[in-house]
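Next come two complexes, and both contain subunit A; in the first it sits with subunit B, in the second with subunit C.
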Partner chain A sequence: MTLAETKKLPSPVGESKTRLDVIEKVTGAAVYTDDIPFGPGLLHARVKRSPHAHAKILKIDYSKAEALPGVKVVVTGEDFPKRIGLYLVDKHIFARDRVRFIGEPVAAVAAINADIAEKALDLIEVEYEPLEAVFDPVYGASPEAPLLHPDMADYDVPNYIFPQAGTNIANHFKIRKGDVERAWEQCAAVVESEFYIPHVQHVPIEPHVAVARWDDDGTLTLWAASQSPFAQRNLIAKSFGVSQSDVRVIAPLVGGGFGCKAGVTMEALPVAIASKVKGRAVKLTLTREEEFFTNFVRQALVIKLKMGCDADGNLVALKNTMYWDGGASTEYGVNITRAGGYNSTGPYFFPNVHTDSLCVYTNHPIGGAYRGFGMSELHTGIEQTIDMLAEKMGIDAVDFRLKNCVKGGDIILTGMTMHPTGLNQCIEKAAKAIEWGKEAKPSSPNKLRGKGIALMWKAPSMPPNAGSSAEVKFSEDGTVTVSLGGQEIGQGAFTVMAQMAAGVLGIPYESVRVRGPLDTRYSPYEWQTVASRLTWSMGNAVVAAAQDARDQLLDLAADHWDEEVEDLDIVNGKVISYKSEQEMSVKDIGIYGLPNENFEGWKGGPIVGRGSFMPTYVTNLDFETGQGDRAVVHYTTGAQAFDIEIDKETGRIEVLKSASAFDVGRAINPELVRAQIEGGFIQGYSSAVYEQMLLKEGAMLNPSFVDYRIATAVDIPIEHHVDIIEVPQDDGPWGARGIGEHPMVPTIAALANAIYDATGLRLEGPPFTAEKLYLAMLDAGLVE
Partner chain B sequence: MAREAHPALPEFDYIKPKTLAEASQFLSEHAGESRPLLGGTDIFVRLRDGAWKENKFLVDVKGLDGTDVLTFDEQTGLTVGAAVCMNRLSSFPAVKEHYPLLAEVCDTVAAYQLRNRATVVGNICNASPAGDTVGACLLYGGILNVFNVGGTRQEALNTFFVGPGKSVLKPGDIVTSLQLPIPPKGMIGKYLKLNRNNRGDLAIVGVTAAAYPNQDVPSGVTVRMALASVAPTPLVVSAIEDYFKQEKLTSDTVQTAAQLAMDSCKPIDDVRGTARYRSLMVRNLAKQALTALLEKM
Partner chain C sequence: MTIHTITCTVNGESEVVEVPAHWTLLQMLREKLGLTGTKNGCAGGECGACTVMLNGAPVNSCMVLGVECDGATIVTVEGLVKDGQLDPVQAAIVEAGGVQCGFCTPGVLISARSLLDRNPNPTEDEIKEALVGNLCRCTGYVRIIDGIKEAAKLNEPVVIKE
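Let's look at the complex of A and B:
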């Protein structure tokens, strides 16, 4: 359906409809994976993990564990020779020859209860020989560093990921546009910077939980808290050497994902264990400690930037070198590095760009998807450096951004032509909301006050051909069920899909049902619930399915009334004719069809609409230059701004005003868009002020909420100003683009720029804790 | 430091004695492998994290003689039974009227839900240098009533703490209540707690300050201060009290006194903060707390 066509529809699209899942979630009736009963036959798994950051496994003796009454099976890496991975297939489910991070699974036990499984772990004896470890990605990328994956050259990998055999560099993504070295000569000002963005965790309320059962016929059923049932089906089938159709993944509602329940993480563990006890369901629930240091993390980044502009303030050149701390496996992380590379200018036009984005193996926890997929880290560097350059030129930071930000028609860093974008409006709105340019005095002599702004862009980061599909089916009462494969992870995807289906079909929103659990046996295919892609990609599939159903209804009515389809419409659940002014309810025809005159036979039948969507236009990029016709599907852009005070006596930040403006193409449900923006902002603020995994020699020092602090309700600004900009996307449903991840992308940088405005200080990186700020102010002589 | 992947509560026996004598007897017979249990808000977390691995028995002393008492007497002051939770205490009218600082410090501990279980006596007996309520109890001149099968006794709080997690209590000792005498007339107080978040955190630094008119000292006002999280034990800064014997509380003397507080603390580096920051925050918060007293006077 084209935009022009969809716009005509009378629809709930654009209205803030109540969430479909609100009652069940508020009352506690909603079913999550842990709520599913499996009866007394259920086995409980526990995982023996590596205490070493890097070590050779010399010997594992689990005979005592096996002999413990109640233990049903003990497994080790010996049992599972195949690797697993979403992009670079580099990970063993259980370590085999060596361990590469503290917390890596080495063995596991399934027993009749968790206590016995726990006891059995202590009876497993593992002998290690410690090896030299790598904790710094810059060192890891150097020739001096020990090789963490000597067999990397043999790993399966898609042709757009570039591992460098004989090094620890699992992906080297390059942009070579123009001639950066010569371009410095044209610059009136050049600035250089370096930042470090540390590891953070997703900390969903619901820990990872998965239950697996292999049946005697060789089929597997996996129940999991999952953003990615189909990707899990595919990866697990490949790793266990079975057919995808023999793997069934059932995914109930998810209690918080933020990327950590994408791909396959801990789900492979119960699958592996259960493969040795056929017919028994095996359950593994991670403890909060395991959530913190054994599961995927947002990887750390070292970013080195050099940026220059000409005498008129036009950006001329950017050199960007990024060392991503990929961790012990980079199966997912290699694509974060790629995304970091093809977004490496931030939302700016530079004629000359030189980027090296390096994914480096280290002996840290495994880097994976985290809301923003590398963009918060990248923009923390880019957006502070933009401010530095504007200041050096004596140009207002907002004016500098308005002048240089990417605009429709620009040839961006990869050679792709930028589509129309409302970034300019976003900048103006966010700046206005915090009264940018208006002098603001501190509220007391004990405070410093500052304002800051930062922009962002982000494209969905995914394989070029990530697809979606959907089905629309009628019930006798005229309600419609939309089947789909994308997950409701709190973002409101089911609600938005129902609005779209209702809009296309011409039936009330209240007549549409979208429910979980997702089930790969029955749900239509969806690649993954990641990359802020559902509203756009799954939305397109739902629109196509609804259009298909609509066409069938209209064809049937046209045939029945002997009229032309062009004269018919569906309004409020009724097929109407503008010509003959006849009408009939869809509920009378959606299942049973219509009788011919005098009941001499029937026409129609149960209406089933089907639709699918896959972008067909994304091209690979050249390895040496990163150039290609179209690197990505589209960019969501936006801006965020802060007006803050810093307490000179403690270093604490107090947010006076904060604002977001994002171009979402079209807000299908404005309240849900607002909720995503507020939620993303809060998560961004939390990572800017509080969060950091304290890693020492690979060991996490703060694996609990006692010492891994996150923003709580009393820590966040009471009000967050939100502007929604709508410059439509040519292939989005009603012009919509995603907004799930973007609101946390510019937050660290915007806050850092406000801190600079207040203090004149640039810190190496977040979190900007009170302590860090106070001591920096003290060392700079700003406080006593 | 919890680095264990699946910490779990160790196996222990829950003992519910009928009398103080029985409880004390049990605790002394199982010295080193038993602990008294009050609200449990600290003990269960620490047991799960692997502390007190040798512990085999938790002896519930809630409900025993005198532990549920919460009374105020014009002559003897406030009696807070060991099992009285912080929410009950801070909403007790006599506490609000006569010991407002105690109510104030209780409300800074963790979260409301936890304060339905957490007790001030438990907070004291943990002997954590970070205890939020300890400073106020020290400044109110708190005394603990201790039961032991060998005999009851009283322990003054100012000599109670020995080291991190260590007090003068011996196996078989059960603190049944906390006694706070009638505060000096005109006593005012202030607690300032530095968290990493706005609420719900452990004290990175805690400063409790109190002042009251006192004709026995040349300055006419006694000023006292206790510090949390900056020494091996809750720390009463005697230098402050000495200083204000001669000096009146003014905006100038506040500066000097704040420096005295900083000089007297001995913080350490840990994941929650560095010694350097903590020292400086003692100075700055001491200044703020004393200034608050000045404004109230």
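Let's look at the complex of A and C:
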């Protein structure tokens, strides 16, 4: 094959290859955690939960439960003194001295079947003494509020999280750039706003499930629906006082995660219970009701903004104060607050910024990671306020954004220099797709019509040194197996990794397998499947591993042919020489090596490629100013826009057109990128129009699909225009950045701006239900 | 706990099953017959992940007792492949990119197959209506709906390609 011919061969990178896992998923063969058989010895666990938002535990009597035939063990917080947590180590597996939210685990039972375990729960008697509770993060941050974690100062915490001892503030992240107070004088217009973004739930269709077994040799095996087998190994080992290598986490395919299966949530419960019945596997599956409020939720946010620009419409100053409703534990939430802080301008350049991002303990469910954590909430405030300021200046909202949005080379709020970004193109594409600027009349006198746009940016929110690793091995048939530690949660990670490995190795995509299930005993290390970081970070590790294997193959062939590596290539599974035009199949040499001349010995051997990646350039930020050289690895940016009608008689929104444009650096698999954008947009739309956890005195009033509605097939805007922008990332594989979380970030704000355009009304926050909109229109005199 | 012995046809095979009186069809399929393709998402008839065909009609198998299925004909996702060939709804949803995490997929496929059995040429609204009981959190439904439209055009089963 000549060089010219090989150049014509398609690369699997950039092609929309069919998902690796799709045939098993459409035939029912795909194995999820609940599908693993454990035989008749399996014990079933149920959890006794707190009915109080805040109370002292006076006494727990479980003697009757223990005596019930079929019950094997009952555990309480007395048995497990150590705390657990990803960032701030503030959570007990079972409540000990007090309970802090409705649904907090207080005790648990393992029995021979779930019916008996459930019956035993009723026999556990717990006496409580109710305490004053905190349900409002603004009050919670005040000196008047009762302290929910009096021991906070003693909790372990990394050096970039700043708990304020003697308060309920578990993290206070600040940005101080320029001089905001003096800057207001330079402003031709200043607007102030306040929004409330309520609690919502992730709602994966697969409930949380975990099975734990401790063996007599002191080792633990945990099977879990998990985005984070390695983080779980680490946190559980620490909390139970064993070595990480004695904890083995096996993580099959995940039936939807969106962040709620990251870190450790309910998985520690069966681990704790199983520790008292060694040798028996203990299974805990959350009911759909438990799924709604006992695990991570998306915490609510109160955001107060003041924003000003000069007479030419240049943004001058931003003051942003955010009160995050962290809930009863902020082990993960402190980092959400941090991310909210260092992204707190949204994707705009401001010379003067003053941000206080406060993570506040409350007696609400525990706030955790939810698809782009902190970002939907933050942008809901920022993007509406940008519109308010543009309107006050009499500048078109798209022009105002094009003028002020962040551009490559800008010194952003943390002092970091912005890398090249295609945000301008995203704005133009999204605006064009909904015919921004073109007059659009309502289709009937009973309707109001409006258009809206919103931007977003988001960096992976993770520790500075979150790492990835990968291995590549050959089989006798010339196929390659990629081992990795990042999870397939539906986003298509395994497929994209296979494309990258194939692209580097010069073998067909169809010849690549990805090893599953993830297993911390055998899989290479990965921080977590979070932060839209796999395509970039794990991708770099897979590329390095494939390159390592490729180098070994080429060295072997060069030696064998007595040629230079530079003259060789691997094309379609064959090592070829452009010089001598010889070729041989990688199938023949990937394992067995090659004989020397006249079979006088052999060279080569089974090829194993190894690769790893870790960003080495992220710096800490100063506590007082939030300034540092490089706060984050990079930003994915984008825009969304709506053209809508609102029915004056019902308040119902009808989406006429909607559009997304995101800069993904490089689309390794364009159809998978589009699928992420479409699905994320609908998730965002669902949160904008339908979803809210109704919390009354800490109790969730709507913990079912009937009462907590998510978008169904009849609710969705069917046409969603998608543009993919590709301004490459300097350290991304083929220039790629992540896109998993970003598509739901601007949706609430874009819809709110369209609602304002149609009605002149800004609501305090989502969801923009038909009822809420109708009543607001009624109040405003828009309808009679 | 009373145990009943029932006879039913599951995916074309005649089965004799000993099932406790209070067990759901979902439990029976997963735990007695090893058919774990049918998923449990809510156990309350709200999410549709456990949809199977019972005597030709789609039902939430978490809302039917196993003992009610004596003499019944049941089709689960495992029964869609025939002679090594994908059902058109499977092939078309693969092609349309209508699968992400895959947890709702078995129920979606059964609802789709059942729709096309009743109505070989459904409108978009009829497709949406048929899917209203199948919650999906990943895809936003669009590619699922596109896939079912395409499946309606395919007459032949499709060979699984590896």
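Here is the rule we go by: the second predicted complex is superposed on the first by the 773 of 784 C-alpha atoms of A that agree within 3 Å, B and C clash if a C-alpha of one lies under 4 Å from a C-alpha of the other, contacts with A are read in each partner's own complex, and residues count from 1 in each chain.
As a convention for this text, contacts are C-beta pairs under 8 Å (C-beta built on N, C-alpha and C of every residue); 3 or more make two chains touch, one makes a residue touch a chain.
For clarity, every value in this text was computed on a predicted model and none was experimentally measured.
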| item | value |
| --- | --- |
| Combined model on subunit A where subunit B meets subunit C, clash or fit | fit |
| Which of subunit B and subunit C A:V714 touches, first, second, both or neither | both |
| Partner chain(s) touched by A:G679 [first = subunit B, second = subunit C, both, neither] | second |
| Partner chain(s) touched by A:A699 [first = subunit B, second = subunit C, both, neither] | first |
| Touching partner for A:L775 - first (subunit B), second (subunit C), both, neither | first |
| Subunit A residues touched - subunit C or subunit B, whichever exceeds | C |
| Touched partner set for A:F258, first subunit B, second subunit C, both or neither | second |
| First, second, both or neither for A:K319, with subunit B first and subunit C second | neither |
| First, second, both or neither for A:Y690, with subunit B first and subunit C second | first |
| Inter-centroid angle subunit B-subunit A-subunit C after superposition on A [Cα, multiple of 10°] | 40 |
| Partner chain(s) touched by A:K25 [first = subunit B, second = subunit C, both, neither] | second |
| Touching partner for A:V47 - first (subunit B), second (subunit C), both, neither | first |
| Minimum distance between Cα atoms of subunit B and subunit C in the superposition (Å) | 5 |
| Common interface residues of subunit A - those touching subunit B in one complex and subunit C in the other | 287, 704, 706, 711-712, 714 |
| Complex contacts: residues of subunit A adjacent to subunit B | 46-47, 49, 102-103, 115, 118, 121, 287, 289-290, 293-294, 649-650, 690, 694, 699-704, 706-707, 709, 711-712, 714-715, 769-771, 774-775, 778 |
| Subunit A - residues contacting subunit C, complex | 18-19, 21-32, 34-35, 37, 202-207, 253-258, 287-288, 489-492, 510, 671-672, 674-675, 678-683, 704-706, 710-714, 716, 718, 720 |
| Interface residues, subunit B side, partner subunit A - complex | 1-8, 45, 194, 196-202, 204, 271-274, 276-277, 280-281, 284-285, 287-288 |
| Residue ranges of subunit C touching subunit A (in the complex, touch as defined) | 30, 34-44, 46-47, 49, 76-78, 80-81, 86, 90, 93-94, 97, 99-106, 109, 124, 127-129, 131-132, 134-145, 160, 162 |
